[in-house]
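Look for chain A in each of the two complexes below; its partner is chain B in the first and chain C in the second.
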Partner chain A sequence: MSHQRHASSLAWWALPPLLLQCIALNWSAPLTWPTWALVLCALFKLLECRRPFDRRLVALLQLLSTGLLAAQLQGLLASVLQLVAVLLALAGLLGHELAGALTFRGFLQRSLQLLAAALPLALVLFLFVPRLPPLWTTELGAARGAVSGLSPDLDPLSIAELTLVEGSAARVLLAEGQTLPMDAYWRVLVHEQFDGRRWQHRDPPVSRGGSGPPRVGEGTSQWWVVEPSATRAVPWDGSALTTSPDQWITPEGELLVGVASRQRRSFRLQSTQRVADWQQRPPVSSERQSPPDSLPRLKALARQFRPLPTGRERLEAVESWFRGQPFRYSLQPGAVADLDAFLFDQQEGFCGHYASALAALMRAADVPARVVSGYQGGHVVQPLSGNPYLELRQRDAHAWVELWLEGEGWQRVDPTLWATTTGLPAAAVVAESGQRQEENVPWWRWLQWQWWGLDLAWTSWWLSFDQASQQAWQQMLFGAQLRWLGVTAVVSGFVAVAGGWLVLHMGIRPRSSLVQSLRLLTRLGVVPLQGESFPRLCRRAARMHPDRATLLEAMADQQQLLAHAPLTPTQRRHHLRQWRKIRSRLGRRR
Partner chain B sequence: MAAKELLPLLDAVSRVLLGKEHQVRLAFSCLLAGGHLLIEDRPGMGKSTLAEALARVFALAFKRVSFTSDLLPADITGLNVFNPAEASFRFQPGPLFTQVLLADEINRASPRTQSALLEAMAAGRVSVDGTSHALPKPFFVIATQNSLDQVGTSPLPEAQLDRFLMRLSLGFPDRASERALLQVGFDPSSDSFPRLGPEALQQLQHRCSSQHCSELLIDYILDLVEVSRQRQPGLSPRASQGLLAAARAWSLLDGRDHVVVDDVQAVVPAVVEHRLDAGCPARHASPHSEALLQAVPALR
Partner chain C sequence: MLHRTAKPFFKPSRPCAELKLGHRSLYIIPSRFGVLWIAAAGLLLLVAIQTGSNSTLLLAFVMLGLMVLAMFLTHDTLQGLTLRCAQPSPTFAGEPADYPVQLESSSARPRCSLRVQGHVVVECDRIAAGTTTLSLPWIAENRGWQLPPPVLIETIAPLGLFICWGRWQPQQPQLIWPRRRPGPVGETHPPRSRDGLEEWQDLRPVREGERPALVDWASVARGRPLQAKVFNDPEEPEVILAPASGVALEAAREHLADRIWRLHHSGACYGLQIRTITLAPSKGVRHRDACLEALATV
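For the complex of A and B:
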């Protein structure tokens, strides 16, 4: 039966988008397994469909799993896939319930109509329902995992591994009229504890505070999409303002957003030109702590610089010492025993080595110092649609030093650049730290950039309607009259439901008699056979339900008259009345 | 109501051809639609009986030509004979000049003769020596042919099969009908038939062509034709016209003033099958027309 075949294939088609999304789920998240279970249940139930009820169950399972997926995956691709899955699941259900009544396209159209009918209510909920944090952002499992990217466990000396990773770290889109910074340093983590070998990051306390209430409406927006990473800290330019309560700038100048997760994080910041608080915060004791005695040569070198009066002069002296030494840049320097060995024997390494060594040296020379890891440079992508955006990749990972200079605050120093100028393979340094020109971009890369462009646009328009934006919007709409908010929400809810009802009933009337008769027959358990005409179907139904035989035959007669006979408007109305009478009598006698 | 006038006639013919109501109805609708009928069956199944009964109930002039392999075109169309008294040629009409012509065993004749007949069927006129002579109206050919596995037959080419509106196969009667046949017997030439004149038939034919036909129904026929064209050569526009005309006649027989999908479905096997199987009657389980009907959604 061609129509039924179509109908069941519609339900099958809903599964690939669901499975695709399931594969993208975080395996350690608590919601992943229920989602998988639901999708697999739907799959097996579809394989073993015996009763009409089974089909309804399949559709229910598919819709439930789409809901679970929507809670976990919110990117553009995921949203599109969820929409497709819902569309097909609904169409499959309709195809079952109204088998034979509509064509394949008809079912899809009807399904789309149902979704369109639900849209107004969804919009009202989206605009008015408060974002309760536990509902709005699902906590998605353990933070630490095998995600690539900077993490609190990764010390700057391991950045070389990261630079070999071919993956995107973050993307930022600036508001209209902003130029993208070309050679910026994007801070992520501050490493201020030095144990003689490694610079370690100290996780900030969980409690919030410091950044004050979100300031909305000043400056221009930066839209960020950060790929899943193992740290709560995300890249930022060090001066932007937060826009929502779940963003928080630590005293060290790390920006924390939400929780670390495998979920992609999207957020909005406000650009400013002002000097950030963290830059003026005097160093704490841990940032002054002198390196341990296990580095005698480093300490001896540092002692030469101590007599210099200011931090700036000491820095210049250290820079000239660095430039005077034959330092070589290499991403594979081999095993480096400790900083003494790096500074005086091996003299070969990458940004992590240079930053660690400089920070230790400056501390030994009594200048407060710390290592900062993050990203540097990035790549400007101009998608075909929309504004250009900056893409930070894992291979843009970089480490540098921040020094507390009296009167100037915390200042960034990048010792890796000193190695560049000492006649070392410049290309290698540029490959790690500089921005690079992309030539011969592979087509999939190009496509990915286009897609990310759309994704960022989606993020900036849709996902970023967070609590702060919602409050701002409501403030703008109601001003001081916020007490009307609840009433407005309820009224809009009713209006939306009415709108949905209208949308739902828009297309039905013209094809009513046949479609509604078929629906009635389906309820009686009579499904059309291939090529069966309506009167024949009714006769067959009459044989199956002898108690309703007369009514069924009368319904066939009226429907055929309505469809094929030359009727005057009066006659048509008369037959329509007759048909409705028969339909309601048939429907009543269940 | 048309059916009221036609019902006694249907009854009468059905009494002659026991147990074959459906085929009789189809033959009636073929006549009402103004098409020609091809009956294909084994000898002795009642082909000639049906033809004669049809002619009788409408009080039409009836002639019968048994086709043989040596039959010439002039034998059926007629010829110009020289009249010595007037020293001129005079047209001597052949057996074609009648209202109902039973062309018995048409597939025994040579293709040349077959084509002469079919030309007359299509044009409603006969040309002899450059002069065309109109055939009487209504003109209805019932051709019979033996099943093709019989010796000494030349099958009708596809182009000529297309000229027949319907092809019927009578088939064996059921046991009860045959019992009645053996017990009662029948005489097709008896005068006990109810009759309707040729004028009444022409009126009915006219009414038939003005039966109302909705857009939905035209779409259905178009869908059928389109689906048939997806596979083989498919149905010709003449076939789709014929389908509609036959469905109209069927609806008239049913006593309706409009055509419904069921009417089309009832006539499809007779109208379509011989155009799709290229003259080789389907002996397999599912004929082409059945597949066609199943392939097109009929809920309209």
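For the complex of A and C:
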């Protein structure tokens, strides 16, 4: 029954990697519940399995749940755990039928061999079978949550003290040769609704294809890994192009990826220098809406700028007014009653205060405006594993303003830069403190950076093969002769099956030590005669090869012990080791 | 060497002494688990399309690849295996009989199962390289030299995704004695035999302390184990069994088979007369088998 124990323990070992990944799942994602259900089914079935069919069913459930997990978790660690789970599930499946022929390690080796044999055909299908876009779209689960990060509601006046959080928000890896921008603005949310105090973000409905079909071959790639956040929108530079059907850009200029936001998202974008469509979209009524009458001083100030003929001139006038005031950047502004109090009394705050005040002022001056929140800056990490990447942390969160200027479209204005603290712009101060901190990086942070570097490298490699890449690759391979694709795929499939069969035939059947010894002796030119025992065969071989006589006699002894002696498992392992050593030494001396 | 391939399963198989399983004698279809496997791969494919996940897509294709490879692997488990019949022992009709089958393989093979069609399955956990002998149970309904129904060998190893089987009709018949059924038997008492201790009737294993004169030294000289001669006791009553009058011959055979078996176990001396065959009173296994064979075949 030892083989049953092996098979059963292999099936048990496959469960921890699955459960670990299940814990990391986002409960609002539609696939989470079926995944948990499958893993728990596998667990209970394993507890209660009585028939061989039940045990095989457990392996199938484990493979199925691994597939669902792979659809949700695509990071490096998750992929490694998925590979381990697949390997153990296959080993468990093999264990039921290869009755007692193999040890635990043997089962694992056989599973690896089986995977290696199936891989050529799987790769042919993976490369040649055309990718299909999603067959239907669903909107399941909550889009909002309580995860730290940017908030859909920007209400800086209620924040007396802003604490900088060190958590990582996103990481971006650019194509080789591209310089990582250190001072770029990475937009996430657009807040266009203002109630006199808060700037609210309107969550757009899920609509696929909003940014058109993915474009192929334009620009270079950016690979992003975005940590779980409360919003579906992810950071981007405002000009990149989407590469897959589950990415789309809203008319306000937000980039949405998939539906679930409470888990890590990995995706690819393509850099471009073109002006994005959202920048030219005329303002809607909510972006023109004037602030309420509860801000009389702000409205009075705005009336001074209204006579100016263009939006650009009004902006310049507002900027000079700001610069003329003693505004100070501070993370501890204390409670602020309203924007009038901020603009004319306290004049102290952080980016949210400035963006909120400028946008309200510009709207009151009849210039369409909105607040945008996202990240600014970030820091470059140079991992040992390869290309440098830019890490955006929660502390890099920032808010700025976008104004609609005639003839120019939506333009970014960062009023925080107009405030001063000890003579330096606020962003520069923040960046400087960040750099000081990096000189004294704790070891765990350094390790984390290295791991993220590997994770990004994996993401950029693995995610780069999507529908667009497949089309580009096939275009490159076949050019205009795409009709040969089917023939090539079928021929490659046959070659792959033949290759897999060869891999399996080289060693899938259990080979006894006697068979291997006889094969070795055959290579030495010693073939057993009718009725000749193995020791006698070895003695004859020793006479034919006197220089190897000692080794041949030792091999005969070990073989006899393995075949006939009543050995304990430890002794058997010891003699098998000895026999392997002798075999390899004999093999080397050929 | 007599070698034939089996006919397809829908045609009656021709008996053959041995069968080497190959492409023309093995059949393969997906098992129930294999169908589930394909369905699971299809589901993963759908999830991969919906989510655009490369890992899920690759796993679905790996599962399909394994399915294709499993077809060859399962077929290889049986391909090249030679089935041969050994000498079967006689047994009574209506009682479990063992049909010996030898499996000859050049290499070790994983699990497979064999059965005489319509009878109990025998699991063979691992077929070692060389020759393995298995006894397949079956129950014969009729007396005489009987061929068992075709032997089926099947396997789902190593992955359980396909079921591969072969069908073989062995050529070696098995002697089936008439069914044992108690009933009336005709008995006659012949005149005393005079040979007494002169001629021995049977051989049995030597017991401890046996007189050396009883040992069959001639067979020992031929390399056989020590055996003692069994002599008839001149004073022992003898009986000749025959079909009872007024009983149908087939029923009478069954009654005789039962009586012979019981007389043999009680150590009695008996003979048999049926149709044109007469077997003189005697005892021992050889005599018993001769009587039962006569009952079965005459």
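Just so we're on the same page, the second predicted complex is superposed on the first by the 296 of 590 C-alpha atoms of A that agree within 3 Å, B and C clash if a C-alpha of one lies under 4 Å from a C-alpha of the other, contacts with A are read in each partner's own complex, and residues count from 1 in each chain.
Throughout what follows, a residue touches a chain if its C-beta (ideal position, glycine included) is under 8 Å from a C-beta of that chain, and two chains touch if they have at least 3 such contacts.
Quantities reported herein were computed from a predicted structural model and do not represent experimental measurements.
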{"item": "First, second, both or neither for A:Ala341, with chain B first and chain C second", "value": "neither"}
{"item": "Partner chain(s) touched by A:Val497 [first = chain B, second = chain C, both, neither]", "value": "second"}
{"item": "Which superposed partner A:Leu518 touches (first chain B, second chain C, both, neither)", "value": "first"}
{"item": "Partner chain(s) touched by A:Ala565 [first = chain B, second = chain C, both, neither]", "value": "first"}
{"item": "If touched residues of chain A are counted for chain B and for chain C, the larger one", "value": "C"}
{"item": "First (chain B), second (chain C), both or neither touched by A:Gln530", "value": "first"}
{"item": "Touching partner for A:Ala317 - first (chain B), second (chain C), both, neither", "value": "neither"}
{"item": "Overlapping contact positions on chain A, where the chain C interface meets the chain B interface", "value": "100-101"}
{"item": "Residues on chain C engaged by chain A in the complex (per definition of touch)", "value": "32-33, 36-37, 40, 43-44, 46-66, 68-69, 72-73, 76, 107-111, 125-126, 129, 156-160"}
{"item": "Chain A-facing residues of chain B, complex", "value": "212-214, 216-217, 256-262, 265, 293-300"}
{"item": "Partner chain B, residues of chain A touching it in the complex", "value": "2-3, 100-101, 103, 514, 518, 528, 530-537, 560, 563-566"}
{"item": "For the chain A and chain C complex, residues of the former touching the latter", "value": "31, 52-53, 56-57, 60, 63-64, 66-68, 70-72, 74, 79, 82, 86, 90, 93-94, 96-101, 114-115, 117-123, 125-126, 129, 131-136, 244-246, 258, 462-463, 465-467, 496-497, 500-501, 504-505, 508-512, 515"}
